[in-house]
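I have a structure I would like to understand better, so I am pasting it below and will then ask my questions one at a time.
By written order: A, B, C and D. Residues from 1 in each chain.
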Amino acid sequence: MINVGIIGGSGYTGVELARILCNHPEVKITVATSRQFAGQPLARLFPNLKNRLDIVFENSSPEQLCEKADFFFAAVPHKTAMNIVPDLLSAGKKVVDLSADFRIKDIATYEEWYQPHTSSYLLDEAVYGLPEIHRGAIVKSSLVANPGCYPTSIILGLAPLLKAGAIDPHSIIADSKSGTSGAGRAANVGTLFCEIHDGFRPYKVGRSHRHTPEIEQELGSVAGEKITISFTPHLLPISRGILSTVYATLSPDFNRSIISELYEEMYSTQPFIRLLDEDDFPATQYVRGSNFCDISFKIDTATNRIIVMTAIDNLVKGAAGQAVQNMNLMCGYEEVTGLEIVPLFP
Amino acid sequence: MINVGIIGGSGYTGVELARILCNHPEVKITVATSRQFAGQPLARLFPNLKNRLDIVFENSSPEQLCEKADFFFAAVPHKTAMNIVPDLLSAGKKVVDLSADFRIKDIATYEEWYQPHTSSYLLDEAVYGLPEIHRGAIVKSSLVANPGCYPTSIILGLAPLLKAGAIDPHSIIADSKSGTSGAGRAANVGTLFCEIHDGFRPYKVGRSHRHTPEIEQELGSVAGEKITISFTPHLLPISRGILSTVYATLSPDFNRSIISELYEEMYSTQPFIRLLDEDDFPATQYVRGSNFCDISFKIDTATNRIIVMTAIDNLVKGAAGQAVQNMNLMCGYEEVTGLEIVPLFP
Amino acid sequence: MINVGIIGGSGYTGVELARILCNHPEVKITVATSRQFAGQPLARLFPNLKNRLDIVFENSSPEQLCEKADFFFAAVPHKTAMNIVPDLLSAGKKVVDLSADFRIKDIATYEEWYQPHTSSYLLDEAVYGLPEIHRGAIVKSSLVANPGCYPTSIILGLAPLLKAGAIDPHSIIADSKSGTSGAGRAANVGTLFCEIHDGFRPYKVGRSHRHTPEIEQELGSVAGEKITISFTPHLLPISRGILSTVYATLSPDFNRSIISELYEEMYSTQPFIRLLDEDDFPATQYVRGSNFCDISFKIDTATNRIIVMTAIDNLVKGAAGQAVQNMNLMCGYEEVTGLEIVPLFP
Amino acid sequence: MINVGIIGGSGYTGVELARILCNHPEVKITVATSRQFAGQPLARLFPNLKNRLDIVFENSSPEQLCEKADFFFAAVPHKTAMNIVPDLLSAGKKVVDLSADFRIKDIATYEEWYQPHTSSYLLDEAVYGLPEIHRGAIVKSSLVANPGCYPTSIILGLAPLLKAGAIDPHSIIADSKSGTSGAGRAANVGTLFCEIHDGFRPYKVGRSHRHTPEIEQELGSVAGEKITISFTPHLLPISRGILSTVYATLSPDFNRSIISELYEEMYSTQPFIRLLDEDDFPATQYVRGSNFCDISFKIDTATNRIIVMTAIDNLVKGAAGQAVQNMNLMCGYEEVTGLEIVPLFP
């Protein structure tokens, strides 16, 4: 049993952490912070939590936090995270940071896409929290940088291919579509119901989305060479879910059966990856609320391309669920504890 | 630990029973039937179940069923239910029937609204499965008639008022709005995405919906007199959820504080009823996927009316969740076992 | 041909006025104002207007406005409207005001529900712009107070009944459901996509919505006596549309055929009222984008109640379309000019 | 003024043709056919048409049809179309066929993807009805094969690039997302509300969608060489709209300004193409209900790729609107007659 704190609990990731941790048998949520809503019950902001989690938002200093819990989820925006995390680590606490602050290993790249880094000395220590790839390091780590939602969906789809040299790493095009919860809970005309409902659009097209360097770092690390991709995010009129359709040119001598084996080899023992049959394509509605990543691929011999499709719930495997999966590993619990959620359909 | 069978597992209630029972620590699903899909894995029809429930639909006779499980959920249409249930009971099995076949105590009323009843001798034995009202009888029963979704939302809202004589029983108007999963999974032009999406409509207006006699029976039983209501169902462009707005004329000498006490008295120890504050109104999105019924009321002194509002997930408290709640009571498990689900929001 | 100005063009009513007026053969939009977006093309804010309306938002004084147009639609919030309208009228312009400022005839009632009125001397002159009821006065007026969306849906449904004494005026309960565009385009957490989507809720329950006195004023005027109603608004996860389900107790000696005649008598020559058959109920998706009000009623003899159902597009018959209908009458055009839009389905 | 018939009027394309033609000043709809609904008013099936189009579905022979109208829209499935069209043409009528039957010029290709062709002698005469590319031929034709919805969105996006050799024709990847009305109005579990709502998925991945050869034919024709593409369709939880995101490798010496000129040159005088600024991306909600095709492109210098994005309303520019545009050209009306619809937003 562990006392857990949620730093920055008033966004959609915060309420999702609360939902998942409420049903985690080894966890007690002892503190949740919000500057804006300090003093208010979480259940007032998020009435779904009523009678399940009866705590109140606090505006606590790092010292106060450290007295209340031993494990922390930092669900604050980047920049804020890098200012809080060092104090928690110094006090001997373990942290999963859901911001981007500790994901990018190359400080120059981080500062190009974000802002000056004030805790860059922690970058070496931080582990990129994709358990399917970095499980060994996560288990030993005190600071895990929880992956972005788009990166999770794309990296998991391509890792077996890049590891085996099955695709041309310069041919990768990732066309991704995300539910609107990914845009957060800030008051914003662009994400009003009437602006999103019954519509669909791309955004940040052409190497302008900040998840780009994160995806390229991890793909490059798996492939063993520098990788530059095309990545286009789109906004779906759904609350939850990311579907990525990823295109790449197949290397010579790879066919469906060889590639199926690559996926099996890497993922058949992974508890949250579901490999689908050839003509079963992933759909966001079948992973809703769960920590699953569904993966399927199709080879188009006429163009010699492979199309890899993945679906996750952006708030679960793309954020809070993966964070809890990392916590389980960092704390020595079963990896699946509290995460054996059956997707909600319909 | 108990072996459980789902009879008629290919509809939305079936997949929801499967979702909930998968996480029930005392249950093993040993059989699920479907004439149409016999031989197919449940997870092919409902990919959300993949890696969580790996059984195959069967087309079993009652005898075969009885060999495979000790407790059954009948999620088949009315008329079909009345033909299967007797065999299960004779074999000493316990049954929660989710059809309407054993809900209506008065045989003439049943036959007026449905069709001739072939197992009417069981009506006395069957208990109306609303635990908040009939818990004692449910515990001792082998045949529970699981309430309809609309009736659950309306009866729970009015019971404390009628029991105390706080409203004029002839003044009740229930304006209810349901998500589309309530219409089932049959191929039907009327429930195609394009017919429902971005729209809203009433249907079966003016004493023509079959839930009417069921609501009146239970309200009358609580009130101790015959009750006739106005009930108007509407179809919402959402998957799950029922919101009922119920109007009634207040009896003399009842005010907010007295009525609050009535609700507290009847519901404060009920695990799945959440009483909301005066200006917190229920919303379907805050009960999504959970077994909660959220209730709130408002008194309008200008018209001397009370407006009671309730929200449930029609597939959970309105169907599969309540069925499992009944099973827990019938089998001696904790009432909340497997049902402490936090609503999924957003 | 007339030059028309839209004052306050950056909300959903503004863009809807623009959409309708673009296709009006007698109108040229010469100015649209917005303090916040002055200098920006309307088509930047509302890309649907691109290549159809190529003007730029201005921040003009009343004097400047008067030079640019002869007819104005004021689509600014109440309070702002009452400050602008007098100047326009003084300059001899005609105005349809879409705010609440000139709808309530009784100054005390207005000030109780809104705020002090600074132009109350205009209240006598202003005509409540429901053409089906006040056509004669509208034709002669220079200041029309365009009705609220909920009032339009409720008043049109009840007028024939109240005029003929067919219902008990003290028994009226209006349960209304509105699309989210009714909440406007301000940045607001409560109307974010993720808060509204796949959900449904009541709000301002129990005599607290500001449309209440407006509805009661007009119903009372038709009935010839003071009327107090129960009115409950709800928020639908759709962009456009209001569906009102209205309950009332039938007076003795009124039956379906008599009541059908009442509706026919009052509405059969009204171009935007569609009376539906007994079992055809209105649906918001069948009036989408049009100026129609669909009406249907059902009598429940068991309770002696009539249920009247109406559907409108809240942005058209509930706002911009009705405003243009009023303009047509005030300017001597055919009432239907520019409004013969076929609803968009699906 | 022309008498027009709609053959196969009971699907979403049929009702959309009716919507558009109702407001076309040169057209009178004199007949609409449906085998299944013969004898029923169109407005019963599609209540949006009530009071706008008061005709009844007929089940007429070609001879009967020819007596009633001079111009026909065939909105029947492929195969059915090829059996009806010859009779209409023989009788001197003009036809826009919305099926696939006359789109594919190569008979072997048609028969590989569809079925044996019984009227292949008409293929030479039929003109592919994309006015932006084949206007001259359309004007002179009596048989226009109206393009598919996906092809329209992709061909319009790429034509200027392929014509100028600006991209490598072997590098084309079209990732397309369509609203559900594209799947038609047949009763089908797969397109029920609950299956589609709040979800997203690819389908017919990897050279299996029948629009593939049609797209390749037209792209090849523009480019002057055989083209093989990757095309992946996806299903959006919206009623209307297609958004295509198309990737291609840029040829040497082409940059943003040169490419902007290519688009301007080809499209600046086209009434239904809207070219957006560099950082204004198309969105389906801004073309809803209109005949516009919005186009935008972005160059990613890091990968040397161009990303072209297009948005159309699949029922308008992707079907009924384009059909009317073709009719206008074939009949000598202004190309935009009846089509100057402002998109409905929100």
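Note that in this section a contact is a pair of C-beta atoms (placed from the backbone, for glycine too) under 8 Å apart; a residue touches a chain by one contact, two chains touch by 3 or more.
Note that the structure is predicted; figures quoted are calculated from it, not measured.
Colleague: Check A-C against C-D and say which one is joined by more contacting C-beta pairs.
Modeller: The comparison resolves to C-D.
Colleague: Chain C and chain B are one sequence twice: same or different residues at the contact, by the over-half rule?
Modeller: Same-residue interface.
Colleague: Taking each chain's centre as the mean of its CA atoms, how far is chain B from chain C in angstrom?
Modeller: 39
Colleague: So what's the Cα centroid distance for chain A and chain C, whole Å?
Modeller: 46
Colleague: Round to the nearest whole Å and give the separation of the Cα centres of chain C and chain D.
Modeller: Roughly 36 Å, centre to centre.
Colleague: Which residues of chain C are in contact with two or more other chains?
Modeller: Residues 12, 181, 194-195, 197-198, 237-240, 283, 285-286, 288, 346 of chain C touch two or more partner chains.
Colleague: Pick one for the touching-chains graph, please: line, ring, star, complete, other.
Modeller: Contact pattern: complete, every chain touching every other.
Colleague: What residues of chain D sit close enough to touch chain B in their complex?
Modeller: That would be residues 12, 180-181, 185-189, 191-198, 237-239 of chain D.
Colleague: So in the complex, which bits of chain B are touching chain A?
Modeller: Its residues touching chain A are 12, 15, 18-19, 22-23, 46-53, 181, 197-198, 239-240, 274, 276, 280, 283, 285-290, 292, 294, 340-346.
Colleague: Residue numbers of chain B touching chain C in their complex, please.
Modeller: Spelled out, the residues of chain B in touch with chain C are 170, 173, 175, 177, 194-195, 197-203, 205-207, 228-230, 232, 234, 236-241, 243, 245, 247, 281-286, 288, 298-300, 302-303, 305, 307, 309, 311, 346.
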